[in-house]
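Each of the two complexes below includes chain A, the first together with chain B, the second together with chain C.
Moving on to the complex of A and B:
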């Protein structure tokens, strides 16, 4: 055995626990799920038969699945866009010489470290139209109460707002780090050329933050597409399925409906959709920008 | 030397301890609802362990959706527990999928000492019987009925609770004032059905093999409920969510004069507002007097490691004394005929009222469950339609027939 082979063998020996772990607990379940997605009956818990692509074809005619995709897209795009825009604005301010910036950063980051379950239940309690704090405050101010959680058109935007509130601190921190990494001489040179503040932001900060924006957009988008805890806890997918996000639909199909084969197909369809969206994001945002 | 001695001694002691632990105790795994871990059941389990040395009960509690998720995952992993608590509808569903053990042989063996199914209400047995075999031992049998605030009704000029829809609507309007609703409806699926049943509607008509929500009776019932919300403004739009405590909270905080609920809300109301002057009324009558039936059944999964011991424990948990004690302490209604006949139960006014609704109550999905064609997707379609009527104020006559067609399509595909 050559030295090179011995080295490779040693490396694989050290990596083997991780490889075995991922094979057993990650890839094996995925393989089983992939197998189940081509079965009808009771795959995994009972008798099942091969069904070819029937489960995948059924997705196209499943009204609830289509509604869930639509709600999920609104939620994911809304959460991603609002989080990025607001975080970028806040980071631009907080990266500067502001007196209370550390305190503000801590306040913004706090929701991110709070458990999603606690956040969801807290907001549900605040937004409850009849017993919630917000409507109590509105009534005190002489304003009409709002029915966010019982209005099918508004409920999904409530989830978007809670998601933005939760993730904003993380995005702000990443943006601040990226802004502080932009060499100051670029700004100085531009200022010498007479560039104004907005032009500095548009022509230097924004392009140089593109890799960071891409990273955040991909991470937030994928997390939002897979979101389940928030609608499960805050609205149960209602009212009238307005907040039945795709993951909740998959969960209910598998565990409430016991339709495991179809739920597996739904999962793989979502995997492909996320892959496609991530590819589009890379195509749109991945610009090769360098500063020297 | 000394260090080495102690290390070896510790290792030997640990090894002995571990091996002893591994062989000395058998574990009986039990899945239960998180809200039902009553002290009376804990005492029964402690007694079971004391009477069966070497046996330990691993009592795990979950909310219903989590219990179902865990159970399905366990079925998939061939790691089913020994005894499982099931809410209404699960037993037929799992039995048709051949995931449960029939209890008939065990029941017949112990007939002399444990009168099952003889002492159980007929409906408590029927909802667990599939193809003439019993798969569930009912432990709770509940129904939802009208609960009302006596003071609020009296202030509005009513000395007695309403008995008909007409009276109910009148009282709801009369007790509504700023910040207070005459009636608080619940967003949970089963709470819509008392209205449908009272109007002569049904969930599933087994004769024609179709759901009943497209019928005039169902449409009229949903429209009645929607009109309370949108026309009379005597009821709020229910808040959708994973928990269904909203109406109870409004009632307890004196912001709703009437709600529909079951015995599970007696303690939250009592503890939430001890001063509240409230009562339980018989269910309303329109075409007929009716309400929904709920409850919990114990079943033994097919892959259970210790079915005999699971049955032993199930018998203890449903013994008459445990049932009476549980109902008196935790205000739960029970499925045994001898429980309802017990003097202590009869003497409790609230329990007695809930108990009196049991004879005319009916499990919502049972007619469909017993055909083996039940699919929760049917409920999702119906719930969506109901919510479109109640939340978006769509006419019930437009929404429900369309939903009925969709639900029937799902059933036809089973």
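Moving on to the complex of A and C:
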């Protein structure tokens, strides 16, 4: 055996646990879920028969699924837009010469690290109509109490707000790093030309941050599209399914409805959509980097 | 902005108040949790704004252990998150080394396949993983809780990035001297990536300590619950007793909070790294 062959064998030996692991716990599950998504009956757990695209077509006529898709779109787009706008504002201040800016950054980032169970439960407690802090404060100010989590029009926006609250620190962190990477001579040159602070922001910072914005938009969007813990913890998907996010719908279809074939189709459809978004981001990012 | 002027007095006049508002908002649920955990039932139900409870009810911190097996919940969380972090420390550096410094046929393909697993959302694996776990008879076991997270492409990728800059000459010289690959890995590579391994261990631990969906699905017996689902189901049972839920929240909060205080830099740096991929 040559030296080169021996080295290759060593490499495969080192890799073998990982190869086995990723095949069993990543690729195999996807394969059998893909298979199950084309079957009716009890695929994976009992008898089943091939059903073609029936499960995928059923998504379009499933009122709950449609509701889940629209709630998820509001949630994902709302979370992304508000997070990015607020984070960009905060980051452009925090990238400047501000006392205690590292402390502020660390505090803003903390909600991103902490368990979402705590955050969701405590926000729910704060919003509790009878014992919560918010209504107590409103009462003190002479304002009427609010029932946000039980109002179908408001509840989804409460979830958006909590999601924005959680993600802002992460987006701020990434934006600060990107802003600090912009060459300062660009600003100096523009200032010599008499540009004002707002113009510097609009004409230099904002365009140069495009790749970062796109990256953050996709990361936050994809994470939001998969969110299940937040509605599970705060609203249980209610009121009137207004906060039944897609993942929660998949979870309940699979684990309460025990409709494995249909649930597999639901989750595979979302998987394809997420892959598509990732691919589009890849294309856009590559183009952007070439042009900046 | 990245230039050197200080903010003018006029700017500071609004910048600081805005920052204080956002900082307070970021901390509000946690401050509220501390306050709530020390309130009596009467005070909590009073409908008044309570910042500091009139009489600090430390008894809440005593009664909680009787209402649900919280000690067991925390122990479960530490066992599961600790084991997963340990497995990552064991495997990620070695596999990262193979991809960073060794040559073999199929390397590029395997690396791309590995990275592609980063794009697989957990909920897509959820149903088949649950059925596999059930078929292996691993529901309600530590093994069942641990297996789906024992390895991840993220930790391996991070390790590879840290190992890449180690000079190839150093490794080539050791190979010429007849050192075996395991020897090179342990004597040359490992000592240089200590901080990176600490980062992976820390992030993995905190991430797994916070894991919610998988234990929700795979654990039905109360004694096998980690603190995340233990607290959630406790809250569903005692849904009016927010002060007790807050005490349980403190138990889930403190380990991560302390780690964040000590090692904030690791968290911040790895988050920034994700932005530069």
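FYI, the second predicted complex is superposed on the first by the 258 of 292 C-alpha atoms of A that agree within 3 Å, B and C clash if a C-alpha of one lies under 4 Å from a C-alpha of the other, contacts with A are read in each partner's own complex, and residues count from 1 in each chain.
Here is the rule we go by: contacts are C-beta pairs under 8 Å (C-beta built on N, C-alpha and C of every residue); 3 or more make two chains touch, one makes a residue touch a chain.
Keep in mind that this is a model prediction, so the values were computed, not measured.
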item	value
Clash or fit, chain B versus chain C on superposed chain A	clash
Contacts of A:180 with chain B and chain C, given as first, second, both or neither	second
Broader residue contact with chain A after superposition on the shared chain, chain B or chain C	C
Partner chain(s) touched by A:235 [first = chain B, second = chain C, both, neither]	first
Which of chain B and chain C A:45 touches, first, second, both or neither	both
Which of chain B and chain C A:10 touches, first, second, both or neither	second
Chain B versus chain C as contact partner of A:281, first or second or both or neither	neither
First, second, both or neither for A:30, with chain B first and chain C second	second
First, second, both or neither for A:92, with chain B first and chain C second	second
Contacts of A:106 with chain B and chain C, given as first, second, both or neither	second
Partner chain in contact with A:114 - chain B first, chain C second, else both or neither	second
Listed stretches 6-14, 42-50, 60-68 or 366-374 of chain B, narrowed to the one that overlaps chain C	60-68
Those residues of chain A which chain B touches in one complex and chain C touches in the other	44-45, 128, 130-131, 232-233, 251, 254-255, 260
Chain B - residues contacting chain A, complex	65, 68-69, 72, 75-76, 93, 97-99, 187, 236-242, 246, 249-250, 253, 255, 375-377, 380, 383-384, 387-388, 391-392, 406
Partner chain C, residues of chain A touching it in the complex	4, 7-8, 10-12, 14-15, 17-19, 21-22, 25-30, 32-33, 36, 44-45, 90, 92-98, 104-119, 121-123, 125-126, 128, 130-131, 133, 135-137, 139-140, 165, 168-170, 173-174, 177-182, 184, 187-188, 191, 197, 200-201, 205, 212, 215-216, 219, 222, 226, 228-229, 232-233, 247, 250-251, 254-255, 260, 263-264, 267-268, 270-271, 274-275, 278
Residues of chain C touching chain A in the complex	1-7, 15, 18-19, 22-23, 25-30, 32-33, 36, 44-45, 47-50, 91, 94-95, 97-98, 102-105, 107, 110, 113-114, 117, 119-132, 147-148, 150-151, 153, 156, 181, 206, 209-210, 212-213, 216-217, 228, 231-232, 235, 240, 242, 245-246, 249, 252-253, 256-257, 260, 264, 267-268, 271-272, 274-276
Chain B-touching residues of chain A, taken from the complex the two chains share	42, 44-46, 63-64, 124, 128-131, 147, 149-152, 155, 232-241, 251-260
